[in-house]
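Going in written order, the chains are labelled A, B, C, D and E, and every chain counts its residues from 1.
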Amino acid sequence: METQAPLIEIRNLVKHFGSVIALSGVSLSVHRGEVMCLLGDNGAGKSTLIKTLAGVHRPTSGDFLVEGKPVTFTSPRDALDAGIATVYQDLAMIPLMSVTRNFFMGREPVKGFWPFRNVDFDHCDAVTREEMQKIGIDVRDPHQAVGTLSGGERQCVAIARAVYFGAKVLILDEPTSALGVAQTSMVLKYIHQVRQKGLGVIFITHNVRHAYAVGDRFTVLNRGKTLGTYAKDEIQIEELQNLMAGGKELQAVSEELGGMV
Amino acid sequence: METQAPLIEIRNLVKHFGSVIALSGVSLSVHRGEVMCLLGDNGAGKSTLIKTLAGVHRPTSGDFLVEGKPVTFTSPRDALDAGIATVYQDLAMIPLMSVTRNFFMGREPVKGFWPFRNVDFDHCDAVTREEMQKIGIDVRDPHQAVGTLSGGERQCVAIARAVYFGAKVLILDEPTSALGVAQTSMVLKYIHQVRQKGLGVIFITHNVRHAYAVGDRFTVLNRGKTLGTYAKDEIQIEELQNLMAGGKELQAVSEELGGMV
Amino acid sequence: MVNTTQPTADLSSAPVIEKIQDERLKEVSLLTKIMRRPELGALAGLALVTIFFLSTADSSMFSLAGVMNILSPAAQLGILAIAAALLMIGGEFDLSIGSMVAFTGLVFGCFITLTGWPLLLAIAATFVVAAILGGVNGQIVIRTRLPSFIVTLAFLFILRGLSLVGLKWATGGSTQMRGIGAQSGEDWVREIFSGTALEGLFGWLAAHDLIAKFPNGTPTVTGVPVSILWFIGFALVATWLLLRTRAGNWIFAAGGDANAARNSGVPVDRVKTGLFMLTACAAALVAILTVLDAGSTDARRGFQKEFEAIIAAVIGGCLLTGGYGSAIGAFFGAIIFGMVSIGLTYTRFDSDWFQVFLGAMLLLAVLFNNFIRRKVTGER
Amino acid sequence: MVNTTQPTADLSSAPVIEKIQDERLKEVSLLTKIMRRPELGALAGLALVTIFFLSTADSSMFSLAGVMNILSPAAQLGILAIAAALLMIGGEFDLSIGSMVAFTGLVFGCFITLTGWPLLLAIAATFVVAAILGGVNGQIVIRTRLPSFIVTLAFLFILRGLSLVGLKWATGGSTQMRGIGAQSGEDWVREIFSGTALEGLFGWLAAHDLIAKFPNGTPTVTGVPVSILWFIGFALVATWLLLRTRAGNWIFAAGGDANAARNSGVPVDRVKTGLFMLTACAAALVAILTVLDAGSTDARRGFQKEFEAIIAAVIGGCLLTGGYGSAIGAFFGAIIFGMVSIGLTYTRFDSDWFQVFLGAMLLLAVLFNNFIRRKVTGER
Amino acid sequence: AAQQQGGRIIVVTHGQANDPFWSVVKNGVAEAGKDMNVQVDYRAPETFDMVAMSQLIDAAVNQKPAGLVVSIPDASALTASIQKAVAAGIPVISMNSGSDVSKKLGAMLHVGQDEVEAGRIAGAKLKEMGGKTGICVNQEVGNVSLDLRCKGFSEGFGGKVTVLPVSNDPTDIRAKVKAALAADGSIDTILALGAGTAGEPSVAAVKDAGKTGNVRVATFDMSAGFLKSVADGEAVFAIDQQQYLQGYLPVAFLALNAKYGLMPGGNVPSGPNLITKEKAGQVIELSAKGIR
């Protein structure tokens, strides 16, 4: 075991849902201070993969090492405790609950002693407001229900939360898909900052430009299998785009529409 | 009234939700065979605007003309009957229902006479399969529940449905955000085709490249107001991008990350 | 190997129906397709309950007379349960069904005894009254956007109270109105709504010693009670409605997500109002059947039937949250409920244990139903 | 002008809480903030009901004795309603509450009369039994993933049946167990769970002619029934729990979206099991309070209380779908229900009309509650 | 006018206004109120609920009525409330149930018949008619006064008695009675605890099973339909507690007490009274009007 073991390493991960095979042997590693982009077509298994890393699903077989040590997570809580914070594609937020309550859900800071242990909501409100400000959203009232936020703002809450609690690894599943240009820039900048702090990041996106802007390495999934992993200096953006989509046909459309996709 | 009145024209549209002002005077028109891109930051009011066009919300004030005639829609059904088909950002699909049932929801073709009027589900299944094939998704079992599709596939169902039933105007609210590269190309190609058939299209997106690839005119919304409408030959892609985001700060980030956003 | 890469959203809390892509799995796929229907679990539950009683109950329970005896109460409950199931699939509850049975029974009785209308007119008028009341329920729910639970709960009390007041007014002080049967004539309309059908067939069977007879030669079962035929007929129509018609699609849509349905052009409010009216009419049908059968009505008719109807619908696989379920499931659910509640009388168990057994059997039936469904669909 | 461009998702079916961005609206914002709380509507409903009775009922209804008289049933219902509200917020139902009252009452009675344990031990043991039963309910719901509606419904029957069987066994054939009060001693434990508190104060008040007295000189109200204090205390604790603690956040999360909560690290299963245990313990508390007060228990104790508890919680603003509601709302809901049901006896209405009025008042209270909330929040 | 006559008289019982038995009581109460020219109020909890009933008595006491009439199905649970009424100086008369504790709790007298005793008399009569195996059709198991009727029946009957728990639904009752008859051929006696609810469907069930005449059906209380069956010989008798009196007399006594200070010197037994074939014809009409 080397001293600088990857933060997360999976080998030959397989995941079945009943008779459906979602992942059939995926290997991947994320190191400190690295942004690993996970790319692939709709239904390639990206979300399933990261849900397995996050403790939502249990792998059917395969090895899963965190900092070189094999782990088995039985619940998302275990993953959180191991320092893996995740922004899910479906966000994992409760629409009827306030921004603050969603922000701290599952990890509420308490004060006082046992039977009278309180959550320090004033502190929570302050943190929420501050973290949201950092990502470029001005939450005037942190008591507002998350369900009343626009899709973009909600995404920002999920990201800010994951970043705030992300101790070692930050996983982001299509965080930029609902965001406007300004917010997207902010998130990409954020990912950049997080990497500089020495965290590992797994970043899922369908936008090859977003991926190429912040990614260090790119893993492409296809039909539940790894198609390959490439360092940024090994691959051009066009090649990457073709790998993501599967090639030929796309070229035609792209040209027809002026190469703008 | 000219002979070639715009398919849809709105003037000074205002929409309040209680004390919230979502739209404060928006004007817009869509002509036959034209793709009008509706751009704007998160929360600018894009979804509210198109929901008003689609009959979901009733405008607080302002004029709404379809082919030159003033209309008031009291329900989405009225809009559908007037030939306006919409793909909502939140998709308007029932997860527990099958793909076919969702596809034809609200517009089921019936056969037979009154008390024994049946929906012709075999025909429906065939149409669904065919239309989905056209958009590049191979639905093996049209009885499968929509909730079991991936985000991207679901989006494709919604788009295929709107296109199939779209008689005059097709409204698409961020249709490409959850799609992979291949599917995105397909949708853009689709929009292109629809335009050539002479329909009007309103296309909402946060991706300036997608917008520029298919758009004829661009209307930018900001805080519930129209910031301006530009024909494709009047504006460059960089300008458009700046308009969408609101300018300066973005430049910095974009450069920092290598101008890749 | 199964080779599947079709994307599937995470839907673990709702009944997941998976997709088999490989052609080699087609047979499995067909079986799965049959077995994943919500009603199949209920059928499994019914089988379990039947086996239990076959091994513990007196053999007379499963004689022809015994089966009819189980089906009679099941039929009345079932008519309500199917209507309740449709309404639940449409995303609403009606807690006033039971009271509606009492109230429409009274209304029907009044039309017969006080106004002296012919039976057909009285029945038609009763259905009209029921439909109006159901429509009021529905309109209040739609206009105020209050949960239907609380609105129809208010009507549970109001209609129950009005039944009492009305009965006392109509009878001059009694809580029971009688003589309705005697005054309603004996024409073909009555044949449709009371007594037994297929009497000729049963008489013939008895004459040929194919079914049991009393010592005096009349068959122990003279025919199928009409309520059972109504029950079966309603179940078939409701199933056809749900699965094959436009209205059925709208019901699923309205219950699955009213907003999404509305945005897709489904007239959700009309669908829901229609369902409330249908439920009220089902209650009226039960009222007419029981009143004509018993010849009388009283203030406690239909007591807690709303509750039992919902139970039967849930046993039959309806989701309380709406958008999922089936009429045939409710059909089997009502039979399970009827069999359990009647069946214990045929066993040797001390009747004090009645409720314990009722509860345990319900739980077992539902657990088994669930177990079967999960096994078959591979859902975890 | 109001200037708001903060984005808001479409959430028209759920209580929308809008966001006011302009500083000039701060006062409105504060008012809105207070008024949008789910319990405020219930308070408005209570006001309406109070006004109704002030104008129609005997003046003695709002005398000190009258108010205590309203609060006593409200307190017993309310303890159950608050627990039911917590459970509903957590996304589950418990239909076995009413039967649990009967069963734990029997258990408690047996501990006192058969084993002769001291009161404190008997109470503790009763709570343990209740917690275990609640835990069983919860575990079945969690492990089988069946709807809690159907699981607890089975327990409704099972526990009600066991109460009957147990009572007959314990008393040698009767369905009523008497003399529990007499055997449970008169120590400080009993003071906490039965009778009245603050007797000194009321005696003093009576002595100084500040409150009404009977002809024989004793005050008409000798103190505050302890059940009312338990009720208030439980409402406060539950409110604190919901709004200020980690567990409260978890309850909202578990009910709002169990999957999302689980993914965020909330131990949803533990939270739900805990809530089921809490609900069972609340039922046990009510059982102990009523058994000590009445000195007896019977097989019908708590009949339909589960229903009333859910009604009170819904009147108090809880959503049936979970994730939204408040303990204080259930508190007011229980008082509304208690006031309506007792209040009618102070009026001149014929008791035949009781249910009609109960239903109409409930509907009115909820409609008014809804109307106020919509007016205030600008929701349409 | 009523107010001058001495305020109102409140009746609190454990039977709901829509229960056929108690609706007759209530009719008696109303009639007495009219005859004596006093205001009367009839109150009962929504289900058989002793805790709620004690609260209703408390509510009645608060209104300082001129008299209070209560039934006492559970002395332990109601003691405190009744004693409070007595302490408040309100004249109390107990009725229907509680004859044993009536005096002790301070009631002036008791009108009515003990449920156990009534059941015992019915049981003895049915035994005399040759009954060996009986069922007691109980439409509300757990309602103590109904349970006591079954208990009395089994004491008086002597033979084997099982309780058949049923709901309020006639179809359900009919099916269950039929099932019981099918499962146990030795059943020769059926006692129903309510004429309209349980009695009539029991008669129908016996008819369905082809055992009319072989199985004797009797019932507590009366309904016109059941009485008709008695007259036709399909059922043997109905036990009449003359509950109309249980409503009428206490109100009349209390009204007279308020007016002239009169009060009878002892308890008034209102029943039981077996209505057999000979008498059935005469009472059908009264029963249909809610008087018997």
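Note that in this section a contact is a pair of C-beta atoms (placed from the backbone, for glycine too) under 8 Å apart; a residue touches a chain by one contact, two chains touch by 3 or more.
If you want to know which protein each chain is, UniProt gives these names: A, B = Simple sugar transport system ATP-binding protein; C, D = Xylose transport system permease protein XylH.
Keep in mind it's a predicted model, so treat the numbers as computed, not measured.
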Shortest walk length in steps over touching chains, chain A through to chain E: 2
Any chain in contact with chain C as well as chain E: D
Interface residue identity across copies chain A, chain B - same or different by half: same
Most remote chain, CA-based centroid, reference being chain D: B
Remotest chain, chain A as reference, centres from CA atoms: E
For chain B paired with chain E, centre-to-centre distance based on mean C-alpha positions, whole Å: 71
Separation of mean Cα positions, chain D and chain C [Å, integer]: 32
Whole-Å gap between the CA centroids of chain A and chain D: 43
Between chain B and chain A, distance of the C-alpha-averaged centres to the nearest whole Å: 28
Residue list for chain C, restricted to those that touch at least two other chains: 6-10, 18-20, 160, 164, 168, 259, 352, 354-355
Overlap residues in chain E, where contacts from two or more other chains coincide: 17, 141
Two or more partner chains touched - positions in chain A: 42-44, 47, 90, 150-153
Sites on chain C touched by chain B in the complex: 6-9, 11, 14-21, 29, 33, 244-246, 248-250, 252-253, 256-257, 259-267, 323-324
Of all residues in chain C, those that touch chain E in their complex: 57-58, 60-61, 63, 65-66, 69-70, 72-73, 76, 160, 163-164, 168, 171-176, 178, 214-216, 218, 220, 227, 290, 293-296, 298-305, 341-343, 345-347, 351-352, 354-355
Residues of chain B that touch chain A when the two form their complex: 40-44, 47, 89, 150-153, 174, 177-186, 188-189, 192, 206-210, 212-214, 241, 244-246, 249-250, 253-254, 256-258, 260-261
In the complex with chain D, residue positions of chain C that touch it: 10, 12-13, 140, 144-147, 149-151, 153-162, 164-165, 168, 258-259, 311, 314-315, 319-321, 350, 352-360, 362-363, 366-367, 370
Residue numbers on chain E that touch chain D, as the complex places them: 17, 26, 41-44, 46-52, 54-56, 58-64, 74-77, 79-80, 87-89, 141-144, 147, 151
